[in-house]
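Heads up, the thing below is written out as structure tokens.
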């Protein structure tokens, strides 16, 4: 495991050094990515200019959701998002070059094109999150305070697992990326909002089928002390880490299975 | 006519991978459901916001998602790549007008996307949500507006693409174009939600003509004089962007001659 | 170093035949191949397109898993021990690069260093050595996408050898290269094999590569080994005719000798097909007895011809 992390770090660093040779481009792109990320919070801001509460949540509370979701997703995107481009490699036949190297192709994909500009997205999100923490009406107890980093971390792992799972699907169905973006990017978007805006069926789906509800919604119900619209038992609010572990347990074999399929059929 | 042939060929090219298109349409559909749910909650808090009712808002959301592909809200024109690699030099020496060629190509693409990517989101929307049907006349008027919208969108993207002639790295400009296009077209949030002066400005910017206007025409929010104003804005921006594009094309041609291709 | 025993690779190809029906064809890309390559050998692997060359290479390197049979490379099973094998293997694809398109060559090599966990001092020394041998100095800082084919191939070779593997596998490395680049690559590979003892397996269409570099050649056709042995012997066994080029003092009618066919005449020069059954010295003597000869040249059969014959007759190994 340590070896994996070391290799990841070294590869990421090498890619970053290469990217840093164009500092102007780096900064511009960083700013650009930050700008695109800011569109979502701009929308939230505009909506709350028209009304003080949406689905029973105040602007600070939605910013809290936005912040936790954003941090989890952006960090997972930085770490694992590069894997998404597997379909390009399969199409161009360049996956083979990755397979003749003594490092997992997943790791090589994830670090490909690693650039400091990816961190640009964190800036608006962190600012919004900091603002939210300052204004959100929470009775901060020790458990609640601890829950915040735990939530961000489990959200990160859940999203990372989804990155791997959706990428593994591309081995079998090369065009699936267009649709699985709804899980990764779609998941990132919908977790910015209180899930109470969705129909009960959808929330049930997001809890039991595609467990995005555990990224930040369930834990936030605890931190913000809100009632669960589905009336689920309180234990669900702490189930995030369990869900994360289960998803990882699924993601590993899924990836291996996909790779096995590719190595058997040659595509 | 050459240009008709270009458009037809473009349709064939873009229809080559239907599975990919359907996959993307699935994502559009999911985003539609999410956006719609959010707006339902917003309209519950503020009924009648911006002159829309909840059904209008839902319909708007799904139409916006359905139009993402035909209008190319996320920007981009294959021309940019040709300029980057220098292949465009060949194009500029051909006896066809660069701008008209790409317009024909883009119209073909838009038609193809309309068929391949807009149908699924709307079909799912009709099943899952209350969607407004305003009748065949409104639809017809909206389709005219949609054609104008594609022209405006093309005009803008063409200008952005040509700037590549003078920039080494277009990604910064592309990002700005992306942000403005996404925000001011109404894709992120219907422009009617924008408050006060921001809303007023947004309505007269070119991007409003790419999504907000055709959808408003369909919803029946632009009738009589309003309809003429709507078409007028679209035509006005299309013409302005086309003229700008024309000028840039001439300048680009000259630059190529000076630099030796 | 390499052992293949009855290796097979079957692909199932599904095609749509109009309407909703589908045909399922089973394509045997590799149909029972066995061979052994010992350490230090330089073996050529020839075959027409679609014969199974690339498939064999992919199975050797772990990219593809075999459908049947046993493969051992450097003592390891490529299907199960892919990453371990990768440390002892260098691979070069002629048609695709293993380098990263947008990065300068130097950065690509830095990535390779981290991927193979090469010691920084070893890396420096090795890079210096390869830079000199392959003349990389001019374009180390150029993005790979801007390199010429010859430069890129040298870059790919460097990338494959940076970690000093005992085995090098090349899949059509000289394809599309100009004459000078080909000579450089061939010279380099020869030195590598002779001086460092690197085992080399070379797949190629270019028979000039084989002639220059390999003493042993394997020919694959339709998934099976058509020949495995000495190059010179192959030439002899396949019984391709040698050519006798005769320059007469004056142009004349085609030379008539028993069992000898005149393939072509051009003024005073005539090309004769000399079957292997005929003794060249005797034929020349007979010729000199009956005609006035200015000059005589004896040419071994073209390797293209030899291989073409082999494909046609499918000679057993």
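We call the chains A, B and C, going by the order they appear; numbering starts again at 1 in every chain.
By definition in this document, a contact is a pair of C-beta atoms (placed from the backbone, for glycine too) under 8 Å apart; a residue touches a chain by one contact, two chains touch by 3 or more.
Treat the numbers as computed from the prediction; the structure is a model and nothing was measured.
Trainee: Going by the contact rule set out at the top, which chains touch both chain A and chain B?
Mentor: none
Trainee: State the chain with the largest centre-to-centre distance from chain C, centres being mean CA positions.
Mentor: Here the answer is chain B, farthest from chain C.
Trainee: So which chain ends up in the middle if you average the CA atoms?
Mentor: A
Trainee: Measuring from the mean C-alpha position of chain A to the mean C-alpha position of chain B, what distance in angstrom results?
Mentor: Centre-to-centre distance between chain A and chain B: 29 Å.
Trainee: At what distance in angstrom does the C-alpha mean of chain C lie from that of chain A?
Mentor: About 48 Å separates the centre of chain A from that of chain C.
Trainee: How big is the gap, in whole Å, between where the Cα atoms of chain B centre and where those of chain C centre?
Mentor: Here chain B and chain C have centroids separated by 53 Å.
Trainee: Can you list the chain B residues in contact with two or more other chains?
Mentor: Within chain B, no residue touches at least two other chains.
Trainee: Could you list which residues of chain A touch at least two other chains?
Mentor: Correct list: empty.
Trainee: State the interface residues of chain C toward chain A in the complex, per the touch definition above.
Mentor: Within the complex, chain C touches chain A at residues 11-12, 55, 58, 61-65, 79, 82-84, 86-87, 89, 91, 93, 96-98, 100, 103-104, 107, 110-111, 114-117.
Trainee: Considering only the defined contacts, which chain B positions touch chain A in the complex?
Mentor: Within the complex, chain B touches chain A at residues 17, 19-24, 26-27, 29-31, 33-34, 37-38, 40-42, 44-46, 49, 169, 171-172, 174-176, 178-179, 182-183, 188-189, 193-195, 198.
Trainee: Which stretch or stretches of chain A touch chain B in the complex?
Mentor: Contact set of chain A toward chain B: 22, 25, 28-29, 31-33, 35-36, 39-40, 42-43, 46-47, 49-51, 53-55, 175-179, 181-182, 185-186, 189-190, 193, 196-199, 202.
Trainee: Which residues, counting only chain A, touch chain C once they are in their complex?
Mentor: 7, 10-11, 14-15, 17-18, 92-94, 96-97, 99-104, 108, 112, 260, 263-266
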